[in-house]
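As written, the chains take the letters A, B, C and D, and residue 1 is the first residue of each chain.
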Amino acid sequence: MQLKGGSSLWIGGGLVAAAILVAIFAPWIALTDPVMAANLMNAEIPPDWEYPFGTDAQGRDIYSRIVYGARVSLTVGIASQICNSLIGVTLGLTAGYWGGWWDDVVSGLTNLMLAIPSLVFALAIMAILGPGLLSLVVALGLTSWSFSCRIARAQVLSLKSQGYIQAARILGYSDLRIMFTQVLPNILGPLIVIATLGMGGAILAEAALSFLGLGIRPPFPSWGSMLSEARDQIRTVPWLSVFPGLAIFFTVLGLNLLGDGLRDILDPQSTTRRT
Amino acid sequence: MRKLAWLAAAAIAVIGAGAAEAQQTPRKGGVLRMTAPYSASFGSLDPHTTPRAQDDIVNKAIHRTLYNWDTAGNKLALELAKSVSTSADGLTHTFKLRDDVVFHNGRKMTADDLIWSYTRIMDGSKGYPAARYIRIIKGAVDVEKGQAKEISGLKKVDDFTLEMTLTDKVEPGYYFFAGSTAILPREEVEKGNFASAPVGLGPFKFKEHVPGSRVITEQFDKFYKAGKPYLDRYEILIMAEAAARDVAFRNKEIDTSILGPAQYVAYRADPQLSKGILEVAEMFTRAITFNHDAKPFDDKRVRQAINHAIDADLIVKRLVKDKAYRATSWLPPSSAAFDKSFKPYAFDQAKAKKLLTEAGFPNGFEWELTTSQNESWGLPIVEAIIPMLDKVGIKVKPKLVEATVLTEILMKGEHKSLISSNLTGPDSLATLRCFYSKTPRTACHYTNYNNPAFDNLLDAAAKEGDMAKRNDMLRQANNLLYEDAPVWFFNYNKAVLAYQPWVHGLQANPTEITHQYPEDIWVDASSPAK
Amino acid sequence: MLIVLARRLANIVPTVVAVMALVFLLFSVLPGSFISGMNEDGRSTIDPAVMERMRKEMGLDDPLPERFAKYMINVATGDLGTSFRTREPVTKLIGVRVWPSLKLVFAAMLFAISVGVTLGFLAALRPGSLIDTAAMVGAISGLSLSQFWFGLMLMYLFALTLGWLPSFGYGDGGLRNLILPAVALGVGPMALLARTTRAAVLDVLNADFVRTARSKGMSERRVVEWHVLRNALVLVVTIVGLQFGSLMGQAVVVEKLFAWPGVGSLLVDSVFQRDMPAVQGCILMIVLFFLFINTLVDLAYVAIDPRIRYR
Amino acid sequence: MTAPLLQVENLRIALASSGTTFDAAEGVSFEIGRGEAFGLVGESGCGKSITALAIMGLLRRPLSLASGRIVLDGQEIQNVSAAEMRRLRGKRIAMIFQEPMTALNPLSPVGKQIAEMFVLHQGASWRDAMDRAEEALRQVRVPSPERRIRDYPHQLSGGMRQRVMIAIALACGPDLLVADEPTTALDVTVQAEIIDLMAELCAAKGTAILMISHDLGLVANMCKRVAVMYAGRIVESQLADAIFARPSHPYTQGLIDSLPRLGERARRGRQRLTEISGVVPSIQAYPSGCRFNPRCPSVTDVCRSLAPDTTALPTDGLVRCHHHG
């Protein structure tokens, strides 16, 4: 437990839920179109009643861009973690289940992924695929599955040693069915925790890649690209960076808190403590 | 028109400021901390191997070329030669070299050094970028192809006289002023460690290079210009990140900084910082290059419509924050062939709509526009264009790529259209050659524009010996480009260099503002750097 | 000790080969090429015919497996090829970057360990107290910060507003230039370490042998010094190792922001310039550093935990 | 009769859990004389271990001592300062824990863990303390102690580790040794050795033992007097001999019936072992009245409504049952 009681779960859950709701209802919450409602005559207006978060250099309403940006940032976070979980679980399950040379290959791959820092790997993939939402999902979704892979593999091995799998096989269950009905439910808790914490990491990684010039495909906004673009003007036009910065901070904070809270519920033995 | 008047006034203001400074007596000694803003490292300190603007900042301190850009006279001037005489056919040039030029290792420069340096550049196995300039010398291509050991067009008359025969009737200054044609001492290059310990004949000696961080040079006391350089030490600090550069400049850790549009506004608004701003109309034209091989850009009316549909003045004013001059045609205002009577395409969406309808696109079309992330001629501009073109039905889909690969995309003709910044000077003839139909795509003919009238004008201009008449023809050619709109004419760059109040003698170099000749720079006693 | 070392070293070779194969494969499909590496921003070009000839001479048109085999043989002999961009040996290019990189990474880790572990300890010794709550709120906030934004804030605060430290660059390689980038880089690992240490210490404090120690009549302070520290260290060392190892690669953003001449900024530059030999060299360096740190961590385990020796 | 070494009076231990508190133990009273072996028996969760921890002053949140007195050699120790308690702990009262696997620090040589006692309580130098640790290991009959002293816990067998624990506990010659299930985790063959060793050493040093176990047979063998705990209360305390002969509480009876013992087995013929039906109630859901009533074979209405008080037994014992009195 990182914060007292379940407060981290509730605060975190609240922040994340707010971000998700904003993303879902973006067209209704936003005041203007995030791309087309540009008017250079309105460029860089400080926050006021008409533009609650001010406008950017293109004269677009920053509030509306942040509302739509939630879609991009959350999509990147969620989709990349789904990728990571799928890859990790598939490799981990099959490696633990079949063992042998395949296990060696998977553990080799896992070591490989650990040895190349994920940001470097993501940088390489982004350079190859070029900037864009799909590229981001791929770059961040292919680079950090080693942890879920290990958990899945360890769970299979433990069930194996307890004879469950042997028994299921004797009953005539198929390999796939055993993996999905016997193994998967046991690791779902830790996986959700990993994915929640990973989502925060992915949103930050998106910002870092934007900073390096390899972010989302324009002109659709992401929080990372908005923050990155505004970095020369942090002092002179502060509202350009303050609001996307806060959006990133509170969403990632929410995800981290939620992950901590979920860990207490879903993973009391804390196989995910090491994150 | 108002714009142009303002432009002229600005130019005068800049020159006036320079004159006022010249009246003060330069102080000897001190340190200047120049910034290298374009990339996070230097490519190479061997000037022959690098075409990069970033590297030329260092080259200007350590090395020298046959010609130089004379900022005060706004023209090319002899640097390593005292005089030049040209033969009647205009092809052979005889240079009387300076006899007081000494390399940092103490040896005197002679005609042999020029011949050796130019021959080295033509080593075909190395692909030195300056080969494209040296190829103008007769026989240079044979060396490049390995068919000859010596360039036949270079002849040493005596130690300080060099005879150079060219293949075309051109002004040699345009070819022998680029930093990558520097004159190097053979014995130092052949030691094999030249890129790490360069030896030149410029005003400053190489002292230290921390790759990715800085180059430090020290005053060379045998420099050929009397009394110069003033500075004891000239440091070039790498700072590619604009936000960090801003902090460092305000914190007085650096003496110069290059400003982007956003910072330009902030610095102009600041009572202190606004006193140290050097502006110059650089010879870069920002434009969207249409590929005329691809539909619908083969149609002149579509290209004209786009020029009418975008409110470029508004973008220049609001988004680029007046850190640019609205482009009329291809050649920049500093070119002698620039026609001041022309007005840029007017913002007229009704006319654009009409042109599109005539061209068969009443409802517009979808358009993939390749762009880099550059804040002055990349993504932000495209983002501003999107809603404007949307109003005439054109749906722009930006394709973001890294700035490095822009050239390659252009050379391969993989683009439908691409926004970039193009060097458009100082050689107006060479600049316009990029629209000459027989120029290969890989040599800058990225539009594949084809207009026989334009070709004829260029052919005639190349043959014309009289500079005034030649400029006349080039002006007509440039005006043809205006009419045909092979590109979207966006703006000419206004380069802005911020400097600390103790810095004097900076030059408004329109070829590249960061390419300062550091021997003219001095700092007064209020400089905090030691 | 030697067995652990030998086993580790035997693992390094296949990992390096696999990493380099992956890098080779990835970058063989990278858009832009050699030519982009030699040019810049459309400002000037090398004659295409010359380019083609150079491609052939450098063997860039050979089949991928052949190029890879050649490269690995060269790597084995300490030759990482020649940079497209600078036309110098990559070993030289990277060589000068390693020391600044190591300095930054070690300084960041020193910061992360000294602050993170201390905070974690203090928090765990008084769970639920003000210091615990403050440290953990701080830690989770530290994990939620965007690195470049935090770096910029440090610049504004400590360089511009307070004027205590230089805002950028390597300077003369002194400590003053090192502090801000090291803090910017170290804040993430610091936050993680604070959390891990707290959890580890709480785990150990609940262990039976700590109760035994208390039943001996030991003061809390002695319990912690004699029995808790070392045991908590085992858990902390794992996280330190993982963080430390990947830090050289994670430093790209900070190095770029602070104009720090490390391997990370060279890597980013080289990726953008399509300077493949340099990219490969940088990644090799980063991976070797990771493996080196992991070996150190394994040795640290052996030193700390007697159980490992006899396994 | 001289004053007892340890008097525990009306001990109540509270467990705080999500806002409310429960009694983990209440009304616990017993006395232990000098050099006497006293047994505390009950199933896991009955409160015997936390009683031991309370005596040691080692209760940690969420457990706390709510009321009652603990008197050691005439001195009340339940409220003494932490520093004073530390001086008592280890020196005058020592404790052995159930799990020898985890009760020793895995990263410290066992010799050092013994030597700590001499450094802590007798101000010995480390070198001197290590010599004495070796001697202590010899006393608990660890073979070649001069070598073992440098061994780490994982290099020792479970029995050996428990010997080390005994060496630690008896290092400073305490007046009272609290042994919390000292043999439960060990092999049966080793159990007897450890018990014998403990009894022998304590007898030699005049150390009293508070033996805590779920195994009534083991306790009865070793101890003079025995108390049986159920659901946080002592339900019966008796002389060990008497408890087997005449168990007074139905729970004690149940415990005896469930014991497999060679001698008894023969006498009772092939009769099956009986088990106490039902389960131990959880601390949050102690039944009202007599806490044993849901499982008691002779339960009556009064058992369900009224908590029974203690009744003196003729054999110098006490029982907490409505059916005695």
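Please note the rule applied: a contact is a pair of C-beta atoms (placed from the backbone, for glycine too) under 8 Å apart; a residue touches a chain by one contact, two chains touch by 3 or more.
None of these values were measured; they are calculated from a predicted model.
Between chain A and chain C, the least number of touch steps comes to 1.
C-beta contact counts were set side by side for A-B and B-C; B-C has more.
Using CA-based centroids throughout, the chain positioned farthest away from chain B is D.
Inter-chain centre distance (chain A to chain B, centres taken as mean C-alpha positions): 44 Å. Work out the mean CA point of chain B and of chain D, and you get 90 Å between them. Taking each chain's centre as the mean of its C-alpha atoms, chain B lies 39 Å from chain C.
If you average the Cα atoms of chain A and of chain D, the two centres end up 52 Å apart. Those residues of chain B in touch with two or more other chains are numbered 243, 401-402.
Shared contact sites, meaning residues of chain C that touch two or more other chains, fall at 31, 152, 156, 256-257, 268, 272.
Not a single residue in chain D touches at least two other chains.
Contacts between chains, counted with the stated touch criterion, involve the pairs A-B, A-C, B-C, C-D. Remark: chain C residues 11, 14-15, 18-19, 22-23, 26-27, 29-31, 128, 133, 136-137, 140-141, 143-149, 152, 156, 192, 195-196, 199, 238-239, 242, 245-250, 252-253, 256-257, 267-268, 271-272, 279, 283, 286-287, 290-291 touch chain A in the complex.
By the touch rule above, chain D contacts chain C in their complex via residues 56, 58, 83, 85-91, 94-95, 97, 99, 102-108, 116-117, 120-121, 152, 154-155, 165, 168.
Of all the residues in chain B, the ones that touch chain A in their complex are 242-243, 246, 260, 262-263, 265-266, 311, 314-315, 317-319, 371, 373, 379-380, 382-384, 386-387, 390, 398-402. Put simply, chain C touches chain D in their complex at residues 207-209, 211-219, 222, 226-227, 230-231, 234, 304-307, 310. The residues of chain B lying in touch with chain C in their complex are 38-41, 43-44, 46, 49, 51-54, 124-129, 131-132, 144, 178, 180, 195-196, 210-214, 237-241, 243-245, 247-248, 250-251, 253, 401-408, 410-411, 420-423, 440, 442-444.
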